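Listed after this line are the structures, all set down as structure tokens.
You will see chain A twice below: alongside chain B first, and alongside chain C after that.
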Partner chain A sequence: MQAEPPWMQGERAARALRHELGLGIAPVDIWEVLRRRDVYVALHDFGEAGGDGLYLWRGSEAGGVPLIVVNSAKRPSRQRFTAAHELGHHELHRFEAADVLIADEEVGATDGDEREVAANAFAAYLMVPTEDLRESVRAFGGSPSPVGLVGLMRRYGLSYQALAYRLRNTDLITQKTLDRLLADGEGQIDRLMRSQGFAEDAIFPAPVGVPELLSLGAMTLFKQHVITETRLAELLGMTVERALTTVRDAGMDRSEEPDYDAEAVRELLE
Partner chain B sequence: MEEATGVLVGRRIREERERLGKKLEDLAGAIGVSGSYLSRMERGERGLDSLVLRRIAAELKVSMDRFFVPTSYESVHARSGEGSVAAMQQMIEWGRRVQDDLDFVLREGRGHAG
Partner chain C sequence: MAVSGKDTVALPTGPGFVCLDAMVLIHFNRVGRLKVLRDWLGPRVFTANVITEQELRRGLPRHPENRAILDSEWLFPVPVDEMEDIALVASLRRRWGSKDDQDRGEAEVVALCARYGWTAIMDDEVGRKAAKEHTVPCVYMLTTVLAAASCGLITPAEAWRLHCSIERERKRAVLSAGESHRPVFMKCVEQFTRVGEKLGDRRWPEILAMKGLDDLVIWTRRNT
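Let's turn to the complex of A and B:
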């Protein structure tokens, strides 16, 4: 029996996840999916020339801390696809004791490292289920124009190019139509988006900064006098002054000093 | 309890050292202890010294917390796009720090629940 090709593995995992979360075939907010999947997300500006993102897993049999890092300097649509791609690694590859893998791939690429192909197929199906895309294309009378494709950007939250390749990879358009869409869209996408009145970052807005659990947890530990203000600032990734303001704004400041040395008591108890 | 912690920390130091492909003698030299001292520490046969631990953490460029977390494996999948290898390494280091911080908050949070 022939082994399942990697793209099929990716698509199957995406179908399974959609089923498990009761998502049907509707477009999804990837950030919401990650939250429901208990995968932590951290966005950080690594510059436009930086990488797209990465998936880190560290754990034991008892569980682990999955983290997806996304470069917030990239376009929002690209950030979303990267997040979905990295979730693919979480669903498919987290139990593989891999060394550090750095993959360099193009949008729409379907060859190369098998794990990358699988993660791309996972992301493509999760973000744009074939069944839903087929319905969308039918609504265009079978041949989408650049204007129609921009409409799909709004529906799925992905880039023009990613959607054009997705249409081709699902055999919903011919290679000739793909080439035409890419050529006709050249330099026109931003204008078409404006004329349809939407901005990429307004749909499915991304979470900000470090995972919420980290900031809330750090503030709670500070309030309980477990960590110092310096450590708090370090965990929140900001200056001490700003960290103290953040804590105050969140209503998590230390209302009163403890009348005993909490650290000494803890050590005694241990 | 003390012995189990020592064994865990020792194993974690060895894992982090090997992850970077550093020889035991080189790490020992860099932190100013003998090879046999570090070797016994990695086997959990020596008491833990916070100063030595701090130096090891600095040398291996990891947070000290990391030595107290049982890690059987780690995987990193990076999507570089236009990013250079150096840029990706920087991103990975940043991610590892966030992960260390998450580990810390989760562990301390459990210890101080309620």
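Let's turn to the complex of A and C:
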């Protein structure tokens, strides 16, 4: 039997993940997907000339720790695609070895590397499911203009170029239309985005993931200085002021003075 | 493994070197005593690169006085570039729920101290908790002043005045600037002197890495 090509592996993994998380075919907030997948994310400034991102897996018999690092110096849309691409490595390649490190200088440049092709296909389908894209294109009457493509940027949170190529790769436009879209969009994208009243970093902003904790657990962690008041507020789903009132009312407020380690004091004074 | 592509510069290791949180620099500078940190902790004092480049430099329009910190040739900002350290910073900030660049300074100070074995000077309780979890020696600003007095770097009376000048505005330390806490402060200097004798000639700055110094301050406050 012929082996499944890498792009198909990537797309199948993305479909499986969408199914597992109950995402349907709607656009996704990749940061929320990563949070739900329990993947650690770090946004780190490697500079505009730096690589796009990294995927790191430290495995053990009990499981493993996944970390995705995204270069925060890149445009927000690029960061989102990179995050999805690295998630593709997580879904497809984490069990290749006990420790996996994949550094992606440029996520779009695969150089024929099958893992990179698969991760790109994963990211493309996860961020822009073919079925949903087809519906969007139908709304344009089948022939998107630069204005329509900027509308897709807003819907999916990806770059103009990434979406143009996605349309081509899904056979929704011809090569000639792709060339026209790229040429017509040259130098116009920021202006078109402004005219449609949105900014790249305002759609699906990069958040910090939040694991689920019971409110009592959250208050205990706050009291013990394990988490900040900001985090407490997030976990309790309320404002910081309200969260602080809640812990006070529950008798879980931090004491005015930190506690001390009596054993350490005794050792010092001996 | 460094991931930024920058050259790795060999940095000294061990508890004889300190890494400062932003608040230490800001408060010593605010009371005009920044160079005390150089005199006590130099010639090389470390801090996290994110503190100088993001917290202090970006804040210059609102706090131009922090230019003095950025111009301090004895202060060495160190980037967090190692894979494991970036992961540690990410996991701490994820746990803390930090937004944007919030809490990056504290997290990076912990990561740098864990890597190089330095001592952290940090008052932020959440950062200190993380330091403890990663067996990073960590002391309060107040404890640093007390230890300096106990080692003869400053007289106890001068140390008290320095503490008061910082604390009058800040009002967060275990000991306040009130006269009622002056005897506690002096008692702490005495206690620290006895503790420091155990280290012999290597009292300063190694004393800062001794486990339980901050606990001793709290204990003394409660028992004086």
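Structure notes:
Methods note: the second predicted complex is superposed on the first by the 193 of 270 C-alpha atoms of A that agree within 3 Å, B and C clash if a C-alpha of one lies under 4 Å from a C-alpha of the other, contacts with A are read in each partner's own complex, and residues count from 1 in each chain.
What we mean here is this: a residue touches a chain if its C-beta (ideal position, glycine included) is under 8 Å from a C-beta of that chain, and two chains touch if they have at least 3 such contacts.
All values reported here derive from a predicted model rather than from experimental measurement.
Looking at the superposed arrangement, the partner reaching more residues of chain A, out of chain B and chain C, is B. When both complexes are overlaid on chain A, the residue A:123 reaches neither chain B nor chain C.
Within the superposed three-chain model, A:89 lies in touch with chain B and out of touch with chain C [touch as defined at top].
In the superposition on chain A, contact is made by A:50 with both chain B and chain C. In the superposition on chain A, A:164 makes contact with neither chain B nor chain C.
By the touch criterion defined above, A:230 reaches chain C but does not reach chain B.
In the superposition on chain A, A:217 makes contact with chain B only, not with chain C. Residues 40, 42, 44, 46-47, 50, 54, 56, 65, 67, 69, 101, 103, 210, 224, 226-227, 234-235 of chain A touch chain B in one complex and chain C in the other.
Interface residues of chain A facing chain B in the complex, by the touch rule stated above, are 40, 42, 44, 46-47, 49-62, 65, 67, 69, 71, 74, 82, 85-86, 89, 93-94, 96-105, 115, 119, 210-211, 213-214, 217-218, 220-221, 224, 226-227, 234-235. Listed in rising order, the residues of chain B touching chain A in the complex are 69-85, 87-88, 90-92, 94-96, 98-99, 101-106, 108-109, 112.
Interface of chain C with chain A (complex): residues 1, 3-5, 83, 86-87, 89-91, 93-99, 102-103, 125-126, 128-129, 174, 191, 194-195, 210-216, 218-219, 221-222. Considering their complex, residues 40-42, 44, 46-47, 50, 54, 56, 65, 67, 69, 101, 103, 208-210, 224-228, 230-235, 254, 257-262, 264-265, 267-269 of chain A touch chain C.
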